[in-house]
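Going in written order, the chains are labelled A, B, C, D and E, and every chain counts its residues from 1.
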Amino acid sequence: STAGAGSAQVARSQALSCNGTLKIALMAPLTGDAGFLGNEQLSWTKYAVKTLAPKFGLKIKLLAGDTQLDPQIAASLAQKYVADKGVVAVIGPSTSGAVAATSQTLFQAGLAHISPSATRTSLTKGTSRQATPGFFRVIADDGIQGPGDARFMIEKLKVKKVVLIDAQEPYSVGLADATQAYLKSKGVTTIRESVSINQSDFSSIVTKVPNDTDIVFAPFQQPPKAQTLAQQLLEQGKKAKVFGGDGTADADKFNVPGSYVSNFAAPISNFAYNKAIIDGWKKDNPGQSLGVFGPPAYGAVQVALNAIRLACNQGKGQLKDRRDVIRNVKRIRVKNWILGGDFRFSTKTNDPLNGAFYIFQVQPDKTYKLVG
Amino acid sequence: MDNFIQFTVNALTLGSVYALIALGYSLVYGILKLLNFAHGDVFMVGAFIGFGVLQALGGAADPVISIWFVLVLVMLSAMAGCAILGVAIERFAYRPLRNAPRIAPLISALGVSFFLTYSMQLMFGSQQRDYNAFAMANGALFFKGFDIGSVRVPLLRIVIVVSAFVLMILLWLLVTKTRIGKAMRATSYDREAAAMMGIDIDRVIVFAFVLGSALAGAAGVMFALRAPASVTIGFVAGLKGFTAAVIGGIGSIPGAMAGGLILGFAESFTQGYISTRWSDLFVFLILIAFMLLRPQGLFGKADIKKV
Amino acid sequence: MSAAAPLLQLEGINTYYGQIHILQDSSMVVGEGELVCLLGGNASGKSTTLKTILGIVAPRTGRVLLGGEDVTRMPTAHRIRRGLAIVPENRRLFGPMTVLENLEMGAYLRPKADLKEEFERVYTLFPLLYERRSQLAGTLSGGEQQMVAMGRALMSKPKLLLMDEPSMGLAPVLVERSFEIIKQVNDAGVAMLVVEQNANVSLSIADRGYVLSTGRVVLEGKAADLLQNEELRKAYLGR
Amino acid sequence: MSEQRPPESAGTTPAVGKDEWVARLDDNRARRTGLPGVVEERLRNVPWWAWLTLFVAAVAALPIVYDSGYVRRVAFDTVVYMLLALGLNVVVGWGGLLDLGYVAFYGIGAYSYALLSSNQFDVHLPTLVTVPLVVAIGAVVGLLVGLPSRRLSGDYLAIVTLFFFQLFIVVVTNGDHLFGTNVTGGSNGIGGVEADVDPFNLFGRDLVVSTGGIFNVWYLYVALAFFVVVFVLLRFVNHSRIGRAWRSLREDPLAAEMMGMPVNWLKLLAFSFGAAVAALSGTIFAGLNGGVFPTTFAFPLLITVYTMVILGGSGSQAGVVVGAILVNVLLELLRDPGQSRYLFYFLIVVGLLAIFRLSVRLAVVLGGTIVLGFAVHAIASSISDAAVSGASNGGGWLADALRQWVITPSSLGAWAPISYVALVSLVLVLTLLAGWVRIAVLVPTLYLAAFVWENVMLAKPEATRFIVLGAILVAVMIVRPSGLLGEKRVEIV
Amino acid sequence: MGEKLLDLQGVSMAFGGLTVIDGLDLHVDEGEIVSVIGPNGAGKTTLFNLVTGVYEPSAGDIVFAGESIKGLEPHRITRKGIARTFQTLRLFLNMSVRENVMAAAYGHTRAGVFRSMFRTPGQRREEKEIRELAERCLAFFGERLMGYRWDQPAYSLSYANRRRLEIARATATKPRLLLLDEPAAGMNPKETQEITELIGKLRSEGGFTILVIEHDMHVVEGISDRVVALDHGVKIAEGSFEDVATAPQVVEAYLGTGGMARK
């Protein structure tokens, strides 16, 4: 196929001085049903830019783009950042749908896009990869989380019957599918339920949960929803425990004792070296809980700034082309990674090496305890 | 059988909240023929006011005074706050449009809805808030109650259903038995003619907004006692309320109650007995069929066809 | 206010609809207990005058005074409270309410009063309304609706009654009756401003009259004098 | 009978139909005089096609003037909105039918295109076949949806169409489990970066979405061509017996029926026209994005399109186009704190000018506000440095200049909601005041507005965008209830 | 006068328990002007509603030009050649005066969706004809609905002018039978005289057969070939104006004994 006339020129960005202000852009849902998630990421991105840019000797201006959870709007936004010659990297897009819709554009324009939360496996792996080589993510994908959760249920919890509930949006559907497939393959009885993303009363599903069910798997995006589900199970005297995905991993908001949660990281407060970061963030965001989706965004910024610095160094104080950032991303290693351990990318795909998932159980005192 | 009872209990809880919202729609629609799209957002603000008051009084787990008293305060302040909000909306966004084409206030209402949702997001962020009713009185709201067969009907659900019905009955008495109620009816049929009878239509309209918004505030609290609240809950609530109001026959008070309950039952039972995934499909198919058979709604009167 | 102030006074009213200048500097007075009729060809601005008095249309300049009080900027309901009642041009009944309820609405401002007498009066004037008291007003025939509109206006015991073509659409028997009613009501002390096309009859019962033409008051005076006015006869009365 | 002169009366006394108003129109008409009057008169005489040509030329020139994929993309999105608004205008503006399912037809168009030209079922029809086919599908589905609704009117129609919309959403988001087959891709939609959905292919050329990351301008031109065709055809229909019948039906269905118009059929036709236009818009949307996702076809989009139609003036084609442009461009401008800052202060100044003209009062207000600002700033900085040491949002020369005037505390805490609520209340109260009191209140309000804008609202541009949009909707409706270019209308009682 | 154009055979109509038209036989011959009179609520407007298909009679048959039109949809009846005006005016208020009339040409014009969309020459010709027809219909009322009023919205008309516009609109459907419901309501004696003449001219120049409801005896006397008096849905008198107006039932139920109705 040929290109349409009129736009044949390839976007070779002009060189930028690394002493001037460079821009990076966050693409996340900032309004609407998933607005909370984007705003968490925004607050951590802001904080990361503010504290880390000086350390890398960079002046960075952060742009925030609201995808409204609509891939089409994300595509428009991508054009905006492509057109802005000062933008040198993108944090996000947060959601897999948005990544799929924008990766081509961003990559062609030479923009690295590093997502803190897009977990659809097929973005980076498989025969029909949905994202370009310009896409990176700093957390493990659903292909690890789903089977991992399932394995835990089978091996540790010895489950016989599991109810899985998705919320009719890509993230929960993907995760529930992966988990259910694994459970089924191991002979566990599974029951699949599916509720609209707007539903907040689960009473009727709970009524339907058979009494001998061990686990209700709830890969929701919002912790309070998992909380409501767990409470309604108790209310109707069901003994099944809720098992939430990474989206629900917030000890302040989902903490019905006995429930399980899986996450791509241990709570960041588990790592002593995070103390200063956490204190600083809390100072900027008084009264807010740390959140689940924010800290990876901090990590994504860290990777991005690292890569920009490297590219600048190679260009002798100049960023010759935005592509240079893409080239450098995979080389980045971060010690004392905010999510624990050291961070580096896998050599084969644009995923983190040894991306792992952790499973916690809520304790009677409402804290999370690592159980797997 | 147990499941059936349980589904019924679920339906009643859902339905009474829908009905309260529907009433606000119906009241305003009855008088102004306006689909008040901002109504759902008033509901949302109600949930937030309740949250604020609850926190100010020490929170769900250790309130400064008896939790029952706190609950009453939460409810009353949400109702009062929403009433004020409703009056302000009417005064500034709708009243200047009294004589405009019908579609204009509709857009104004959308504007108000945007304004409220995002003002709340601006001020309070977009996280979900949980009243944590679970912790109130050591879980009594969830675990105490009475039993039907082996099904426990918890206190919280009883409180919600009963107070919703009490509010609705009060409203119904107000509208059918009082002079202002009659003025409301007349105003709804012909505003100009009502003014010619000496009815102060501004007051009548404000009154409708006060009632409707207060009920929305109450509904907001009831909702948030059982589910997390965020700035975006207004939309779905509004949609449900509107639907319930139309099913019942928009403008009719018993209609709004019936519509809310029908919707609650439809949701609960299709989820229970048919499929959770396709529940909405069936609910909407049922509703469409219903509308085609009885376009004026359950309690609505067919238009007078007189030429 | 001075006791001598007339019930209703229009001072130099100018009303526009968009670009078109409708009422042009018109002034009128209705005194206590007077029966005044307002005449004029089609589109001469009669209904517009009544609407201006009620506050449904706002004049660009000029004042409306009720009992000496300036009400130009007041909403309709507040004017009604000062003792006005109206039989509007297109009847404006509350269609989905019954005849009885419509009549009750007419007495809205007298919540505590005993309405028996009023009901009786209306029902003797229009016995048909009694038969139809529980029919929805919207389903009545045109003439029946006109009766309800008149009955409704009488329910409020007004000081000043405005009527826009009260006999329109009524059968000849009732036209006669309606003029009798007007006379009766006026004799009971209610001042009236009546718009009527049936100029002969209305002038014969009125005290005074105004004649409008393209929005201007072109003639005014004692009814008896107007009846004799040749020009008026030619212009409006035809034969 | 003659055409211009009234028929001579047959000799009897009353001349048939003398009407003084008609005869003496000029005496009774208040005219705008002077230059504005002349300009108004002249502008009114420019024919519609001249406006259209001018407009299309201007849009077509955009990519030549701006070499930015972003501008092109926004222009493209706007043209799609214009198309959607034109279609909705048929149903709402002309037919008077409150169709809350409109966006579903857009979705049906997009999904049909995606199913007929993608890897989903490995069907790859050529664009020149797909597009007309999808338009036909849209028209037919429109008819079918209209069919059960034809007996309904007003708000009952609205709710049934709303239910239909919800059904569409349910089916599409769960369409990966339709009778055991994956039809619509469920919540993941169809397609993604590997362009599962074929791009448009015209005259043997694939219109690739972007080259080098830059939006392919041909999409803009194709959309524009669609727009012109739709605009002209709809205009013709509106000025025909069918258009008149639609408008009659909007005014009084019963009277229309009695005047020989088949009301039910006309309703269906209006539905079908709207649906066809929406479906057409859907095709180009799907082709461009190389994919379709259920979240696109949601309620907010419906609201956006309605807003465009009514803001611009429902019933007026030019109006709805202007509405589409205003809303979309405004929303884009507001994305960026830097840009929206200019817009904000610009609007305030223009607003003040509109209210006060060039007058002493204007000088008092502006002067008062400026002085007040410096005074507050001086006092605040002398009390505590933290009161003025916050970072400003967005940047730019204006931001730097304002820093000397607006206080920007380093942290606001609870003052953010308090000041915001105070501002909203003050603005509302202002609308009730008049005379010097108003001016006295206006000055602190303006300063508070600047304070809130700089400190609270620009800090959260996403929320601010929609707040501003909401406020503008209310304000415009109050100032011009019939929309910007709409005709004044009365409600029928 | 010619054949029976309209023929009602034993038509009845009831609302709930209330019989409004009771076994009514009534006919209108081609070229005739027939007036219907009767007290308020006699069922006159209901008669019109039955003929135009707003209601379907509960018994009896309605024959127009030799064909039963009972149960047809209103717009089909209109196309067969019956048009009406409304006692409670029903104009297209937000459309211009001219458009109100042009819209009524729908039934006898042909240009379909595609011809309209592509504005074929035939369609353009038809449009021109419609416009001329409309202007002719409006010119019938002299200056009252002409000139600048053509482009004024209908809501800006005064009551009586709205009545006139209703008639103009009805004539634009090119009917054979015209039903006028109280055409002179709201007009003063002089204007009433004018409308009386105009109704005469509608027949002589427009060639319409006319059935009219009217309470003004001047009009009834001036135009009618035949008068039918109804009461409680039953025909109580029929014949020439003089006969009907002096029939005792009519005088008692309708005219009253006072002088003014009889001049």
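To be clear about the criterion, a contact is a pair of C-beta atoms (placed from the backbone, for glycine too) under 8 Å apart; a residue touches a chain by one contact, two chains touch by 3 or more.
None of the values given here were measured: they were computed from a predicted structure.
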Intersection of contact partners for subunit C and subunit D: B, E
Selected interface, D-E versus A-B, where C-beta contact pairs are more numerous: D-E
Chain centre separation (subunit A, subunit E; CA means) in Å: 73
Whole-Å gap separating subunit D and subunit E, where each centre is the average of the chain's CA atoms: 44
Centroid distance [mean C-alpha coordinates] between subunit D and subunit B, Å: 30
Touching two or more other chains - residues of subunit B: 118, 121, 190, 192, 235, 277, 280, 305-307
Where subunit E touches two or more other chains at once, by residue number: 45, 54, 86-88, 90, 144, 190-191, 193
Where subunit D touches two or more other chains at once, by residue number: 13-14, 19, 21, 170, 174, 254, 463, 465-466, 489-490, 493
In the complex with subunit C, residue positions of subunit B that touch it: 179, 182-183, 185-186, 189-190, 192-202, 301, 304, 306
Complex contacts: residues of subunit B adjacent to subunit D: 29, 35, 88, 92-93, 96-97, 99-108, 110-119, 121-124, 190, 192, 235, 239, 242-243, 246, 250, 277-278, 280-281, 284-285, 287-288, 291-292, 295-297, 305, 307
Complex interface listing, subunit C residues touching subunit B: 54, 56, 75-78, 80-81, 85-86, 88, 92-97, 101, 104-106, 108-109, 111, 136, 138-139, 152, 156
Subunit A contact footprint on subunit B (complex, rising order): 3, 6-7, 9-10, 13-14, 118, 121, 125-130, 134, 142-143, 152, 154, 223, 226-228, 230-233, 235-236, 267-268, 271-272, 276-277, 279-280
Of subunit D, residues touching subunit C in the complex: 13-14, 19-21, 24, 28-31, 488, 493
